[in-house]
Amino acid sequence: MGNLVFDIAHLLAGLQVLVSFLLLYQDRLGALIRVFALQAVLLALSVAWQAYAQDAPHLYVTAAIALIFKVLIIPVALDRMVVRLGIHRQVETVVSVGPTMLAGIGLVGLSLVVMLRVTAGEADALAREDLAFALSVVLLGLLMMITRRNAVSQIIGFMSLENGLILAAAGARGMPLVVEISVAFSVLIAFIVIGSFVFRIRERFDTVDVDALERFRGGRG
Amino acid sequence: MGLTGGLLIQSAQMALVLALAPLLTGVVRKAKARLQRRQGASVLQPYRDLARLFRKEAVLAENASPLFRAAPYVIFAATWVAAALVPTFATGLVFSWTADLIVITALLASARFFLALAGMDVGTSFGGIGSSREMMISSLAEPAMLMLVFTLALVARSTQLSTVAQVMLTSGVGLRVSLALALVALVMVAVAENGRIPIDNPSTHLELTMVHEAMVLEYSGPHLAMIELAGQLKLVLYLSLIGCVFVPWGLAPAGASVLALAAGVLAWAAKMAVGALLLALFETSIAKMRVFRVPDFLGAALMLGLLGTLLLFVSRSL
Amino acid sequence: MSLVGLLLAIPSAAALVLALVPDWRLAARLNVGASAASFLMVLAVVRDPPAAGPLVLIDGLNSIVLVLNGFVVFTTSLFSARYVVHEAATGRLPPLRLRLYHALYQVLAFAMTLALVTNNLGVMWVAIEIATLTTVVVVGLYRTHEAIEAAWKYFMLGSVGIALALFGTILVYVAAQPVVGEGQDGMIWSVLVGKVAAFDPGLINLAFVFLLLGYGTKVGLTPLNAWLPDAHAEGPTPVSAVLSGLLLNVALYAVLRVKMLVAAHPDALAPGPLLMAAGLASLLLAGVMLYRRRDIKRLFAYSSIEHMGLMVFAFGIGGPIANFAGLLHMAMHALTKSAIYFAVGAAAQAKGSQRLSDITGLTQSHPALGWALVAAVAAIMGMPPAGVFMSEFLLVTSTFARMPALGVALAVSLLLGFGALAGKLAGIAFGTPSPDAGPVKVAYGPIFAHLALVFVAGVWLPPAIADALRQAAAALG
Amino acid sequence: MPASAITSAASAPALQLLVAGIVALVLLAAGAVPLARKAGGSALVYGAAAAICVLVLGTALSSLGGAPASLILPPGLPELGGRLRLDALAAVGLDGDGLGGAAASPFALGFPPGCAPGGAGGGASPPGAMPATSRRRNGCCPSIPPSWPA
Amino acid sequence: MLPFYPAFLAGMMLVVLADDAFTFLFGWEFMSLASFALVVSHHGVAENVRAGLVYLMMAAFGTLALMLAFGLLAAGGEGVSLQALSFSAMRAHGPTPLAAAVVLGLALLGAGSKAGLVPLHVWLPLAHPAAPSHVSALMSGVMTKVAVYGFIRIVFDLAGPPAWWWGVPVLLVAGPTAVAGVLYALMQTDVKRVLACSTIENIGIIFVGLGLALAFEANGAPAVAALALTAALFHVVNHALFKSLLFFGAGAVLVATGEKRMGMLGGLIHAMPQTALAMLVGAAAISALPPLNGFVSEWLTFQAILLSPDLPVWGLKMLIPAVGALLALAAALAAACFVRLYGIVFLGRPRSAAASQAREADGFTRTAMASLAVLCLAAGILPGPVIDALQGAVAPLVGVRMTGQGHLAWLSIIPVAEGRSSYNGFLVFVFIALSASLAALAVHAFGSRAVRRAPAWDCGFPGDDPLAQYSAESFAQPLRRVFGRSLFAARETVTMPPPGDMAPARLSVSERDPAWAFLFAPLGRAVSALSGRANAIAHLNIRNYLALVFGALVLLLVVLALWA
């Protein structure tokens, strides 16, 4: 029975890393939002599975939050924002997709080397596996943020980074405050979306291109 | 002999130096005239000039300040004290330990300091020319002189002039390269300090070329006499300095008998005469240098002095 | 209800009340009252600290920062009361936003106090998270596009930093879990520091890297401090003072907690060199960047980066004297930098602009304000009567003795910073005065209170404070 | 380390006098701030400074030969305290200070305040033409009649 | 800027009395801060503010150098502890030879930047003239002495026994400082800048004395080291006296005429006789003329130089005579410099309206100047007691005292041995006075006493324009041609008006300070270039900053993966 638990958790975490790569691959905003929703579903499943494996009821709450918030509310809000603000659909990248994917692979390799060599000690295999994949998702999320020009794609990059964190938190057996942390992060993301919506980032600048934000630095120094 | 004897010899030296100074200048002028196939004024002419100047009234410029009137006396006093400290016919004078060779150089420097200031006091451009050039010449001549002092001090292991003369006289220093360099440097500095031909023409009236004369242009009457006498004293000082250091024979040792003193005076007089003739010969055989050639000339003197010192440092024998 | 509970209750209650009070004049006074009450409560807590519980830990280190925090929040609220009058008059802050401002001021105070007091790493993370959010909103309060752009940049960088810090916290828990068992204990700092020797060194190193980068972003270490100049310059000046003076210290306190944790582990990566590298890099970069600044508040923001770099460098070197110098510098910098911002706020309002070219000849146009600013900037530059001179003296002497190359690098960067500030100060204080934008009431009370403390500490450090600093320095290891 | 203990080999009265002198000067500096604006203020300050410097010069000269005395004062580094020591070298230094102050202070009395030095010095050579135009100078120096006799 | 004057004095006194590193540097930096405030007291003139800033930067550099030096001295024992910062602790465990050598270098930098040794002297000609005269006098006369005291305290007292080569760097810096200082003074046309640059020369002379003392003490000739150190300290006292006197004179001239530029002065001896007399004594003293004090300290330094053949080390054997030559050159040039200053300012005819309307200085100024002039003469005539007074300070530093001078006959001084050399200031003064009065008496008795005033002869030229007199630049022209061409790149440019234009031709002299041109200007350019490039970071966008964070994270992870 033990290794089944381990296998499923391992599978779900691996899938999440794969979806992160998918996120890097997308070049249209609509598809990007839907792939993110997919990653959120996988996150909810793995957290629920961890809850079942560690029979820690509070993790179910985290899974529920992830499911409702990140699969339904945020994607819909982003979709409407894209429509309302008339942001053009094309995802502008700084570096073309090929090199980004290679960089992604390098990052995953790095996190595996760092994590597995590090925890060669007595920590149990499950925690080690989860951490390695969580670190990969975090690094890939960060990579996405720095290689995309649209503010929306940056938000999604940040949210996938946050998914990695929740995966890691869930993986740590018996870690307190997981729920509070996921709630804090949800509030944070809500702030981002509402903020960019309310401040009408779109209205102040013709595109939501993060570089456009810079043009108004003007003479200040 | 005791203190009174010492005092007697010291005052005798001061009187002797003062008395013979105009005579020396007269001899030099006479020798130059004869070399230039001229009759030339008599040897005693400088005395008559001084007497004439003493009796004439002093004409002062309207702009002349009290410094202008006091300067001649200070210049004469400083030069006279310096000349009195250089052993002429006897070493080991009673006041010889009050000052050494560096102090004598500095006394001459203070004389020059006040002469330059007096030159600038009246506020004419010629006074400015004289002072400016005098200061340029002195800024090289004085270090050369001090280098000389270093060389002599290293040979005689003392800067006291009477001790240096004593060492030269007694310990048989013998011929040394550094001393030869020092002699040449001393001659060059003496020529520069006294304003003789290659550096400055004492008898010139061409304003643009003169240095010493430009500073004393405004002086007249007794003030001019004082300054002329100071110039002559300086010539005696340098010649007796060369004499007592490089040609020390005939110097009466401290506390010698009257006979030895007389011999000393004779030897000194002979040395002065020879020096005067050599100076006259040197002056007639060379033309005056352009003003901005003087730094190279004096630079050479400084290098010779420094070389002499360094050679001495290298080995005792050189 | 323990004292500490009360200490946390005051700001949170005040925040709620201030959110509801429509009249901003009353709100300003309430704000001052609440800050005064919390300061007195801090003094009470620090006098007889409660035992270290699962949630609360009061020891030598955080009592210093707590007292500093309480005092400067109180004096800043005094300055804010005076500052807000001008802002309301000129209409730059309409009443609604003033209400939000006062409420968020107290929330920020609450978050900082919570971060300092808590024993639980998770709670500390949450507290700093709340502080980040409130700062984002307050920085963007003026609604100018520079303010929004500064807020957005701060938000993005802050969030990434917080995320990294969270990952570090999780790693600490995972490392502690086999030794300490599941549940709450994995996050209690005092428990962890006792048992850290048994943890897996690799995990601890990784946790330290993430926590250093996470909280380092909040401390403003190079290459993570791009947000700091804009955030400090665009927000209202009282907030800039709190940010520069206190929030940076709180983040540094968190980094110190983590450093103590890692230093306790024998064969883990020594934290010293990492801190020294980051500190020196911040020192050098800020020292060089000061020369080209054209905005007065950005100038002093970069000066904050420089001084935070100096403190991190001091703690990186370790040893009783360097730690003592670091802690002393933390106190002196908080007091001096906030006094500078009080004076700069008034000067910017007097001249109607924050550009250095518009603020000249202050000692002639506003003598008292001008000379107060000169005294404050002289103090931050390390001039003798001020305490900063003592801490820099101790640091430079102890550094050069042990690591000559670093000592020289430290001296050169201090000289660079000194030169830049001297040049800019001469421009501000001397020369022909620039036209005034209108009368301004300057809050001299807080400025002179801070400067008096700094100048007294520079000459004679009271033994009680000196002993407290020495014990905390010893604890830092 | 007892902060205010005056422990020393022989804290001679001279050293204590000198410390009193320094403290007096610092208080004078603080007191001078309000005095600066009043008319007689600068004269008072310079006079007091001259008096203190003469006192310092006297004690320094007297302690040139004396045995070194040392003193530990509370202000200064926390553990170390401010240590002062008056040995012969310090006495020579203090002579310089005392003498300079004792000479400069009375001189400053004669020097009217606010006499800003003339235009920039440095390599500017005097103008070729005669400076016939009058140059208005600030308060302290005599104003020059417009047409100066050629 | 009244309150900063007593603070400045207090700071200087605190430095001299300090017995631990913190109090020393506290006083040192406090002294710099107070003098900076005094220098920018007339901050209306932009140039003063710039001078103040340059000064503050050099002061900060000096303080940091000294901080590093004290760090090394305190680290001698078991690592730095607060107790190790007291001087007594530093003396107890002397630093290792290498540390001591570094301490010497740092002390040279720290004290040199405050005293004005050559490469670090650039602030001195800017700051001193900018300050009011009484402050310039204090800065030149006293503050540089505090810097010399600091150097002596650190190198002689705290850094333990010197190595044989310690004298070399000090002499290598001091010799050129003396010559460069006086050459730079010769090219200035502002009275107070001339005095400030001559301070640099005198500091060079003092440090030559200190360098000799180090060389002799290290090579086993403590008696000569005592002589050299006494010469240096004697010159410290002398320079405090005559430099303050000269600055007071410059201040009196500034008050009387409102003019600092020598080209606008002249003929002040008629309007200000007492000031002129005091300045004459000051000028003579600083030019090292026999009866006055300047000559005595120079004479002692030369006596020390003459004893250098006893040194076993070849390098010093060659170096010391060369430094002696530089010292002699500096002394001669100093005489030229002060003849020029005194002649242009006080003698001749007034060159501007201001100079013609000058009035004598007030009572306080004259008493201050007269007292200093009398002290200069007294120190020159009675050097013996002064030397004995200094032995108290010299003995603990070099271990041995100079032979007592007090009991010698007729107040003469004998530095080393009876036969070697001796100097009697009193008798020289008496002789000069005696012979001068004798000559005056002779003239009055035998010569004519008649005196007639007439227009100046001037070879028959009519009364010409006061500006035709020698000016500051023209007086220094020969010396500039000889010495200033290469080092100071001194150039004279004549701008002739176009033909037919009645405008006057203009001669302008330009020179540059080599230290500024080759050391500080490039440094300034480098810093601004560096800040320009670094400034680019301020204008990046959010994505780049995130990339920086990401880069830092990846870098650390790689470090962990490879190495931890």
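Order as written gives the chain letters A, B, C, D and E; numbering starts at 1 within each chain.
Basically, a residue touches a chain if its C-beta (ideal position, glycine included) is under 8 Å from a C-beta of that chain, and two chains touch if they have at least 3 such contacts.
These figures come from a predicted structure and were not determined experimentally.
Undergrad: What chains, if any, are shared contacts of subunit A and subunit E?
TA: C
Undergrad: Applying the document's contact definition, name the chain pair with more C-beta pairs in contact, A-C or B-E.
TA: B-E
Undergrad: Among all chains, whose Cα centre is located farthest from the one for subunit D?
TA: Centroid comparison gives A as the farthest chain from subunit D.
Undergrad: Farthest chain from subunit B, comparing Cα centres?
TA: A
Undergrad: When the mean CA coordinate of each chain is compared with the mean CA coordinate of the whole protein, which chain is closest?
TA: Chain E is the most central one.
Undergrad: Could you tell me the distance, in whole angstrom, between the mean C-alpha positions of subunit B and subunit E?
TA: Distance between chain centres, rounded to whole Å: 33 Å.
Undergrad: With chain centres taken as the means of their Cα atoms, state the distance from subunit A to subunit B in Å.
TA: 100
Undergrad: Taking each chain's centre as its mean C-alpha position, how far apart are subunit C and subunit E in Å?
TA: Those two chain centres are 45 Å apart.
Undergrad: Starting from the mean Cα coordinates of subunit A and subunit D, work out the distance between those two points in Å.
TA: 69
Undergrad: Please set out, as single numbers or ranges, the residues of subunit B touching at least two other chains.
TA: Correct list: empty.
Undergrad: Hey, what residues on subunit C touch two or more of the other chains?
TA: 152, 156, 160, 202, 205-206, 292, 390
Undergrad: Give the residues of subunit A touching no fewer than two other chains, as numbers and ranges.
TA: Where subunit A meets two or more other chains at a single residue, that happens at 114, 117-118, 142, 145, 154, 213, 217, 221.
Undergrad: Hey, which chains are touching each other here?
TA: Chain pairs that touch: A-C, A-E, B-E, C-D, C-E, D-E.
Undergrad: Along subunit A, where are the residues that touch subunit E in the complex?
TA: Residue list for subunit A touching subunit E: 94, 107, 110-111, 113-114, 117-118, 139, 142-143, 145-146, 148-149, 154, 210-211, 213-214, 217, 221.
Undergrad: Which of the residues in subunit E end up touching subunit B in this complex?
TA: Subunit E reaches subunit B through residues 266-267, 269-270, 273, 276, 280, 284, 287-290, 295, 299, 302-303, 305-306, 308-309, 317-318, 321-322, 324-325, 328-329, 331-333, 335-336, 339-340, 342-344, 347-349, 410, 412, 419-424, 427-428, 431-436, 439-440, 443, 446-448, 450-459, 461, 464, 466, 468-470, 474-479, 481-482.
Undergrad: List the residues on subunit C that touch subunit A in their complex, please.
TA: Within the complex, subunit C touches subunit A at residues 122-123, 125-126, 129, 133, 136, 140, 145-146, 148-149, 152, 155-156, 159-160, 162-163, 166-167, 170-171, 173-175, 177-178, 181-184, 186-187, 200, 202-203, 205-206, 292-295, 298.
Undergrad: Going by the contact rule set out above, which residues of subunit C touch subunit D in the complex?
TA: Listed in rising order, the residues are 390, 394, 459-461, 463, 466, 469-470.
Undergrad: Once bound in the complex, which stretches of subunit E touch subunit A?
TA: Touch list, subunit E to subunit A: 535, 538-543, 546-547, 549-550, 553-554, 557-558, 560-561.
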